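Multiple structures are listed underneath, in structure tokens.
Below, subunit A partners subunit B and then partners subunit C, in two separate complexes.
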Partner chain A sequence: MNSVRNLLRARELSAGRGVLRQAVPGRDSPWLQERSCAQCFWLVPVRSIRSSAALSRSELVPSAKGDKEKDRGFRDGSLVPFDELFERAHEGDRNKAAFNRAVEFFCQRDIRRRGHVEFINAALRKMPEFGVERDLDVYNKILDVFPKEVFVARNFIQRMFNHYPRQQECGIHVLEQMENYGIMPNKQTKFLLLQIFGDRSHPIRKYQRLMYWFPKFKHINPYPVPAALPRDPVDLARISLQRIAADLSAEVTVYQMPLTDISDAGKEITQPHIVGIQSPDQQELLARHNPARPVFVEGPFPLWLKKTCVYYYVLRGDPLPPEEKEEVIDSERNFYYPMHLDLDLDRDLWDDEEFYVDEVAEGPIFAMCMAGAGDQATLAKWILGLQQTNPILSQTPVVFHLTPGPRELQAASDSESGEEEIPQSWHMKQEL
Partner chain B sequence: MALSFKLLDGVFLSSRCHRQNALHPLLGPLLTDCISKLYSSYRRPGTAPDNTPPWKMNFSFEKGVDGIKKHFGLLKKELVDHWKGPEGYRLDEYLLAQTRVVWEFRSQKDLDEWVVSSDAEIGGKSEAYLKLGKNNQTALLYGTLNTEAPRDGETGYSGYCAMRSKPPKGAFETKKYYDWSNFNSLYLRIRGDGRPWMINIYTNPYFSHQKDDLYNYFMFTRGGPYWQEIKIPFSKFFLSSRGRIQDDQHPLWLDKISTVGFTLGDKADGPFQLEIDFIGLLNDRAHTEEFAYEKYERNPKV
Partner chain C sequence: MSGFSLLLRAARAAFPAGARQLRTGGFRSAYAKELFLGKMWKEEVFPYPEISNEELEEINQFVGPVEKFFSEEVDSKKIDQDAKIPPETLKGLKNLGLFGMQIPEEYGGLGLSNTMYARLGEIISLDGSIAVTLAAHQAIGLKGILIAGTDEQKAKYLPKLASGEHIAAFCLTEPGSGSDAASIQTRATMSEDGKSFLLNGSKIWISNGGLADVFTVFARTEIVDNDGAKKDKITALIVERAFGGVTNGKPEDKLGIRGSNTCEVHFENTKVPVENVIGEVGGGFKVAMNILNSGRFSMGSASAGMIKKLIEMTAEYACTRKQFNKKLSDFGLIQEKFTLMAVKAYVMESMAYLTAGMMDRPGVPDCSVEAAMVKVFSSEGAWICVSEALQVLGGLGYMKDYPYERYLRDSRILLIFEGTNEILRMYIALTGMQYAGKILTGKIKEMKKGNVGVALEIFVNKFRDSMGRKVDLGLVGKDGVAHPSLEESSKKLEENIYYFGTTVEGLLRRFGKTIVDEQLVLKRVADVSVNLYAMTAAISRASRSISIGLRNHDHEVLLTNIFCTEAYFKNNYAMAELEKYAAENLDDSIKKVAQQVLEKRAYICSHPLERTF
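Coming up: the complex of A and B.
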């Protein structure tokens, strides 16, 4: 009933609106507000059409700067609130300074920080674009946008009933994004959270959980990867090969440095890098290898170092036949003491810690390498280099099992899987 | 509000089904479909609920015969095992065993005890497959990880691939649990590609609100052509529910273990592979830790 009366009154007033506006210059009367609401409602479809037109225009004409500067409100043709704030902030390139400028601009615009939840959510989404998603200072700066001491619960009832839930959820979102990127909060974060939400609030609880669990799991990786991987492919190869060799005495050899040169004929020559690794055990295995049996170069196999994938190649033999597997020690080789002792040194019934499973039959691995190019010519250079230290390799046929793309370690001997195989046996002696 | 109603509904229905199950143990196999439908509470956003009435289930004669064969076979095995000793081992073997191989992968039948899933279930784009490796000696879990979240307006993150063992079942679909209380470490022989994995252990959910509880720990692979032997003490496993670490931690109940799983979710898009030779248990007598995390109340009332 009341609303109907209001509506009628509004219609009456709409006729003489200009007069009334003159009469009340500073503040709109409540009826007028209602009226303007109705206007808004009617204007919504119209505005959306207009904005889409502006979008298409800006697509057609790249210098639609007038449109951008027209309105500093946050619904400027974009569905994402505060999108244009970040668009405007990066005049040059997207970096930390530009991001900070956007945050500062928002903070200075309005002393009451209206719409800060939407702004923080937008900022969190924009962080990877600006490359600041792993920067603790930026997270603290974002938390600083929250108005201080407004959302602190003053009594136990407020605390019980989730005081300012949207703001607390937003604070949790900030901390969760930090968690996802593995950023550990610091004292300043805690200080800010205490100032904004007070103790025993949900964001503070989240902070406490992060500070409890992060240090526990910080160093549990037994094969750690450096935070910043080296740019140089040779250094990267060195790290990866040392990781997969699982042998501290393994030696890394750089067979060829990467090189780009222009020859006399004006042709550009690129030399891919070749880095190999071989441990003394592998060398010994190769020395005992029967030269009548071929060895295989296989690959590429993937290796992940955090989010980088590198590929390596292996030199391996076929699984040994049972008669070659054991080195038979002649009992008469040494007359003074036995060369081989088989004593049962178990002390107790409980000392048997063997797993009774069939052993997986696999051929021995002789060497591993990483190269800038996966073609046969490059890998042949690696084999040539290996021959310096392993003379037996010059009498052994080498077969290349190379695939154009990465593949599983398992499919190595599956010839029916339709992979490209380049079998080629060649004796290096003839070439040399 | 609607969610809580749904949950209440689910709890009520499942408890009713339990009662039915208890009343008619022989009807168990017929009711399992209905029960499992009620237990899987997750439904992808945008999909219609599965309202297939129970009378439209597959009631073929062959299925019945197969079920009878299978369940009476299991019953016989249970009786014989009980006669032999605890869990079918001889008593001295059972008491003295320091190691036990729980799963090894030598045939297709071993692979059938595992379920492979990925975020394709929630609308993501990852793929995961499980197959036998070279010479049928290992299991190879491979696929691609894709962290692109499904555009359904609800899902925030995506990108996981997982493999999980099927829960052990006795005759007539009775629930069974692994009793690993004689051992204190999990022992795995694997070969990965450098990616970190997570091992999930699911235990008996005594109360229905514990049905999402998982015990997790991490498994780091080195990569490369060599096999890797990993020993993880059970004391290191921490409790999580619906992917969130819980504040109050409890040690794993080793006599109520239901499933073991592996999850990959390291946010790196691209192919992955994990080769598993066997999964075993070890009693490491040098390890005396009961639980690696604090059990007292943390986050003190300021």
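Coming up: the complex of A and C.
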């Protein structure tokens, strides 16, 4: 690495500093930085070499990256590796306060804010660890690290070319990360960007694009999932079931609350939760179901709510046989007007606005549930609860078609993301 | 009405609609239905029906005392406040014989014809509560006995009902059932000896429910089909309160017609003898339909009566109150309101008496479509007129000290009961479509099959229409039936009728039998046909008035011309919409909006002050 650096120095002497600044991306050389404001005053011939410098970059970068660790050690005297800054800052928890401490520490350490691009990049990387990746204040704080007014283009030529490209790119990185996490910038962000990069700079353009699209997409999802899902499995089941049922009249019933108890014998009894949903329409369908034909309990089926996966079970019947499907309208149904016309004329082609859909015959779904355990005993309790409101169920044979699917999935993912799991529910997990 | 005609009525109920066309003579009367074919059955509506001098004298003899009674002894304000008709008022009504207006004289009623009944309805409607009480009693409550009851049933019940000793009520609506027969839960179970039924169930919103002694109840009974299968069918029963097990809830507190008694009625193991079945066991559906269909026509004259009274009261105010040194009556916007009221009242009256006259013709004319048209037009007209009258009075109309707000509240029910206007529009449009469809099916099928002759004929017709066809249905001109001074209006009517026929044909071609699901289309069809019937009635009446020189017939000509011109443009607009496909006439958008709102069961737009950034 030393040899590379020496080589670079030599090149700099021959070609000019502005070129070198471009040739070593990913790291900042403070001794260049300090004088880099003078860059614009370099003579015209210097600029003409730029293109060749860009070519050399492709060769130089990999080696520079590969020696990253070593490089840190080399610069230890002037710079603390920024990752360590964050490691050091969190004495207790990794939280917003600790993160802010690290940022403040960096800002206070050096009035010139040397190495701020590296620091910002490191900070962006560290954000998820500290759980602040969705915090607008923190993003603004990070932007605040940039020295103000230094990078503002002062004439049209600077504006035309990429003035302080690394800084601008870094600013864009910050905005991009905000974009990826769906954080909408605010007035403060704009103010900072204007102060740092000035009007019509690339970060400002990025900001404008964000502000164009984000509001448009803010409510694009007609079925939004709440930002924070409830931790309580019963509440989560309630939300999920209401989401699948998509019927405002559907009623959620908690058949069993989750419970952990110690019995007299000293044995631990866990009682899984059972939450079911049924709409009046489904009740009616079930009431009309022929008790001679069985109904099926099937599942578990997965439902993803953002990063959480929950499983549900359905109570369904077989597709109706054709003789039961056709509902004959009684001619003596409506006291006031005829329900159908006795005409031998069909709808004309032009008014037939139905698309041709290849329909697969599907049986009616009578009810759905989510339970803390997927065994037959638990689900039988659900059916028992359903019998209260649907007396016909007590005469109808119920067949359990349960697949062991999610159990295996659970086993596989347990080791990976046990941390995020919601306690008490083996079949509800978060995968990150 | 003779026993013979009643027999015919019962017989008619047994025949499906299609069979009726084969009959001639008394069964004609299909003026409204013919409109759907683009034809005009002039003989039906011209000349405007008249009553004989004797009948006129007779009715005037009734009108005098009834008018006097209503103006002197009925305290509408008190009835409205107390939510009760005082017993002495009811007694007065009974003494006047108003509880048995259409019951034949042999059973102690007044035996009035439909026309005379409509005439008295005009006065009775001056108090909404009394009008509804009387209508619930005789227009629906005892109508079942009158049109489908046996002689024994009539002899047993009608005299007491006619005198008002007993009051009748009509029990159809149930908590889960408005117009849906399938959800009637009240059940009548045949006892083991087969001599009586046990009645169990609850009915809601029963007018006169708390006063009535005799109920016409519709209940589900199990009957055995021809092929031996058991089936539930509706049966109509006469139930006396004295049978036991009949209870009623407390009177409902209502927006309007507060003096009328509306409450729940419960039947618990009420024993009803088999002789009290109206019609036959399992034949209650037809009975209910016939009762409902026959009860509606009188609403036209009732509304007209009310508006005429309102015009008097508001005109008095408009001609005395001064603003900016000018009388209210000098302002154009106020004048416009009076014109509107006069036009509506005139047309309503014309429609009501034309329909009543048609119903009074010998034979058993079926005027159910016309009656529904009268109901729709007059109930909506009444609501608009009352609202406009209130507007003339400004803030004064809003005060409880004056009767106008009561009229407004009372008239709101007209759009709802005896079949909501939406339901009646479906009835009007679908009955007409069925009638026209029967006749046009052959032609349309030929065309769809690609019969060149028929297709060419349709094309030539269309071409001539587009070139501006002169339509002549023979209303005016040589051998014309309408007066020449109404030529303009008559021409407009003829043109509308002709194009209505082509529109209906087009709709049948486009939708066929699936038109039952096109409610937005049917609504327009119903609106046009109602307007056509209204225009007809107005022209017919005005022609008669001019011809025999009634007082102020020039005023009638004005009213007729105003109405016909307005209706002509409305019809043209509606028919132009009907020609278009759903994407162009906004139907698609309308449905979509409704669907989105109903999916969320809320108004879903963001608040105007809402921001996204």
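In the analysis below, the second predicted complex is superposed on the first by the 300 of 432 C-alpha atoms of A that agree within 3 Å, B and C clash if a C-alpha of one lies under 4 Å from a C-alpha of the other, contacts with A are read in each partner's own complex, and residues count from 1 in each chain.
In this section, a residue touches a chain if its C-beta (ideal position, glycine included) is under 8 Å from a C-beta of that chain, and two chains touch if they have at least 3 such contacts.
Please read all numbers here as calculations on a predicted model, not as lab measurements.
Please indicate which partner A:H219 is in contact with in the superposed arrangement: first for subunit B, second for subunit C, both, or neither.
In the superposed model, A:H219 contacts subunit C only, not subunit B.
On subunit A, which partner touches more residues: subunit B or subunit C?
When the residues of subunit A touched by each partner are counted, B comes out ahead.
Check the residue A:W350 against both partner chains and state whether it touches subunit B (first), subunit C (second), both, or neither.
both
Does the superposition put A:Q158 against subunit B (first), subunit C (second), both, or neither?
neither
Have a look at where A:L248 lands relative to subunit B and subunit C in the superposition and call it first, second, both or neither.
After superposing on A, A:L248 lies in contact with subunit C but is clear of subunit B.
After superposition on the shared chain, which partner residues are touched by A:N334: those of subunit B (first), subunit C (second), both, or neither?
Second partner only.
After superposition on the shared chain, which partner residues are touched by A:N121: those of subunit B (first), subunit C (second), both, or neither?
In the superposition, A:N121 touches no partner, neither subunit B nor subunit C.
Could you tell me if A:D358 is touching subunit B, subunit C, both of them or neither one (first, second, both, neither)?
After superposing on A, A:D358 lies in contact with subunit B but is clear of subunit C.
Mind working out whether A:Q208 is in touch with subunit B, subunit C, both or neither, as first, second, both or neither?
Only subunit B; A:Q208 stays clear of subunit C.
Same subunit A residues contacting subunit B and subunit C, which ones?
350-351, 353
Which stretch or stretches of subunit A touch subunit B in the complex?
Counting only subunit A, the residues touching subunit B are 180, 199-200, 205, 208-209, 212-213, 216-217, 220-223, 240, 243-246, 301-307, 309, 312, 314, 316, 349-358, 360-362, 365, 368, 406, 408-414.
Which residues, counting only subunit A, touch subunit C once they are in their complex?
184, 186, 211, 214-215, 218-219, 248, 330, 332-348, 350-351, 353
Where on subunit B does subunit A make contact in their complex?
Listed in rising order, the residues are 96, 98-99, 101, 104, 106, 133-135, 137-138, 140, 142, 157, 187, 189, 191, 193-196, 218, 220-228, 245, 247, 266-268, 270-273, 275, 277-278, 280, 282, 285, 293, 298-299, 301-302.
Show me the residue ranges of subunit C that touch subunit A in the complex, using the header's touch definition.
My answer: residues 18, 172, 179-182, 233-234, 285, 288-289, 292, 419, 423-424, 426-427, 430-431, 433-434, 437-438, 441, 444-445, 508-516, 581-582, 600-601, 606, 612-613.
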